[in-house]
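Lettered A, B, C and D in written order, each chain numbered from 1.
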Amino acid sequence: MPKPLSPGRLEAFSDGVIAVIITIMVLELEVPARGISNLAAIREELPLLLVYLLSFVQIGIYWVNHHYLTDDLEQVTHGILWSNLALLFSLSLVPWATNWVALRGITPFSIALYSVVCALAAVTWLILSTIICRSTRQPLAGSPVKQVASAALYLGAIPIAHLSPIAALGMIAIVAILWLLPPRKVLERTRNIHPPQPPHSDPR
Amino acid sequence: MPKPLSPGRLEAFSDGVIAVIITIMVLELEVPARGISNLAAIREELPLLLVYLLSFVQIGIYWVNHHYLTDDLEQVTHGILWSNLALLFSLSLVPWATNWVALRGITPFSIALYSVVCALAAVTWLILSTIICRSTRQPLAGSPVKQVASAALYLGAIPIAHLSPIAALGMIAIVAILWLLPPRKVLERTRNIHPPQPPHSDPR
Amino acid sequence: MPKPLSPGRLEAFSDGVIAVIITIMVLELEVPARGISNLAAIREELPLLLVYLLSFVQIGIYWVNHHYLTDDLEQVTHGILWSNLALLFSLSLVPWATNWVALRGITPFSIALYSVVCALAAVTWLILSTIICRSTRQPLAGSPVKQVASAALYLGAIPIAHLSPIAALGMIAIVAILWLLPPRKVLERTRNIHPPQPPHSDPR
Amino acid sequence: MPKPLSPGRLEAFSDGVIAVIITIMVLELEVPARGISNLAAIREELPLLLVYLLSFVQIGIYWVNHHYLTDDLEQVTHGILWSNLALLFSLSLVPWATNWVALRGITPFSIALYSVVCALAAVTWLILSTIICRSTRQPLAGSPVKQVASAALYLGAIPIAHLSPIAALGMIAIVAILWLLPPRKVLERTRNIHPPQPPHSDPR
């Protein structure tokens, strides 16, 4: 008797990959050599720590929203499987791009490269999101405006980086802040479920 | 009261190992030192990124098919346990072989070594696959032709690499493309389950 | 039909991240070069091993208590999600701080930095703990005294490190020992559940 | 209403840590620099690969047997929690010891150190195993003879390594082979459950 492929394993695998990605970045944070003074060392590390924080928040956002996206999933099609792997591939480049910025400095080229990786992740997310929503016959999780705006900001950051790397980093940070707010679908859920809470409801 | 060993834990462990393998490869992608120009740096990285992509896709394929393979599993025998670990061991050599290619270049020797690791993974997969199918008394997941053809292509790539490393890489890429298509068993399942969907069926 | 976000996935993701954090630290334990004698090599490694052990125990403590904290959780709110990610971010800095101590020695500055990271983790824990307990309408897991005392000891270790790094490390070790004892809530649970064990109880 | 701590999360966390340990070892397998010839490079790598294989098999054995050990577990006590963490700590030193052997060669000192780490793992396993079996009121999983013999062989390998490192490695390999055979308890289970298979039994 054939059974449908389980979304649970897709979620667990994605969580595993994202958990590894989000934590290996710290391995790249190199400790300055013994020769350098403590003050110089911490001054060298601080921008790295901030870029690391930005990457951590971005990966965190993808995890949170992946969570919302696959929540209603009932069957994993071949298209979902592979567009999910494409997203994970893009995300796995984030530690590498973060490392590039950390080792070669906040230059126009480094930030353009970092923006390319962010844009790639946003585009693969849009593809996965569209395929899943078509399969569950539900509207896009999160507003489609926000999704397209994010991809546009990331893509825009690529040329802007050549004029001002700091401005480009600002655009990427804006996307992060945009997504720190919960998607509307979730807000409604919480509103429906929590405060009124029908007395006969079966938790879990 | 003895209970059978759970296939769930085998799957979860395999997923964990594969998730780590697929993401640690990026750690090997070294960032060029500060001295090199940006153009030279990206030209140096590009072939690495392509080899990394090929390895990522291959590991992804193993994960997807492992998924199909263990789906019908009801009991984990000692043979399944250890042939599964043999597969995971082979797969864990992929980041090392990828790194070898990345650091020592696309030479006849590097690609031959990469092909050896790919062939090793294909052979351990064939063993695991055979043991599982004998235990579930089901035909091989995916066509046996495809499985044997893959192992043959990988083995063939070893001598070919000495004549032309690019041709050998092409053979390995052909295997990847071959497996990107869903196995027939899965197609049938999807066909059986999704479109007609008997009204009395209990999803999940 | 909207369903509440599952605490299970929050736990699984946190476990994944903590599992990676607790094991990647060992990657930082560099093996002394071939030139050095074995005795000199082991003498160089021993303090590193002890700092690694201290970090391992601390991360282990967070995992154990995270376990108790999320046990009664029924719904994951946006606040819980993000304060949990803040905790994971702080914990992911522990391998980096451990590495800093290992590579630059047990100096006042290194230990002050290590204490800052420990204090950051304690503060984010306190925030997560408070948010969760408010959401489950239960008293804080573990005594609030212990939680505040830990944060105070960590914060106190920062200036103390400038006078005596060993004393500061001692203070951090005291916190670890404090938490190795099980929280009272758990003790009561075990007492209630195990010895009397009502015959009609449904295990699992 | 207090609920008992779930063995499921202990298993999942242990699996996660073991999955990371078993795969990060490959990261330590350094690729020889570009200057060395291919033949010299592979000759340099081969002993490393064999030590890596030995470590992989050992970690695999711990995973398999951890699986059998926690199978009957109904409640996770504080003692189990911390002796499990002690085992995971010991296991996390295996990649470091493997790396030590790989980088400093198969010398009396390296193999003695490797044996110390193996012995530490065996002792913590014995402690965890004893605590769990006392809590489930079942006999030790696997024969106690095999467990004590393993610890003895590991401890014996420490002084033997000073006379002949190869002999000490052989003793460690003997332990691995000893454990590759399934524990008797499992054999009986499989025998009871599979071939006769009472028609009324409810699998799963």
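The definition used in the following text is that a contact is a pair of C-beta atoms (placed from the backbone, for glycine too) under 8 Å apart; a residue touches a chain by one contact, two chains touch by 3 or more.
Being a predicted model, the structure only gives us computed values, none of them experimental.
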Residue numbers at the chain A-chain C contact, same meaning over half shared and different meaning under half, come out as different
If CA atoms of chain C are superposed on chain D, the rotation in degrees (nearest 5) amounts to 90
Dist(centroid_CA(chain A), centroid_CA(chain B)) in Å evaluates to 25
Dist(centroid_CA(chain B), centroid_CA(chain C)) in Å evaluates to 36
Note: chain B residues in touch with at least two other chains are 12, 16, 19-20, 24, 27
As the complex stands, chain C meets chain D at residues 11-12, 15-16, 18-20, 22-27, 29, 31-34, 38, 41-42, 53, 56-57, 60, 63-64, 67-68, 71, 180, 182, 185-186, 188-190, 192-194, 203-204
The residues of chain A that touch chain B in their complex are 2-5, 9, 12-13, 16-17, 19-21, 24, 27-28, 74-75, 77-78, 81-82, 85, 88-89, 92-93, 95-96, 99-100, 103-105, 107, 109, 113
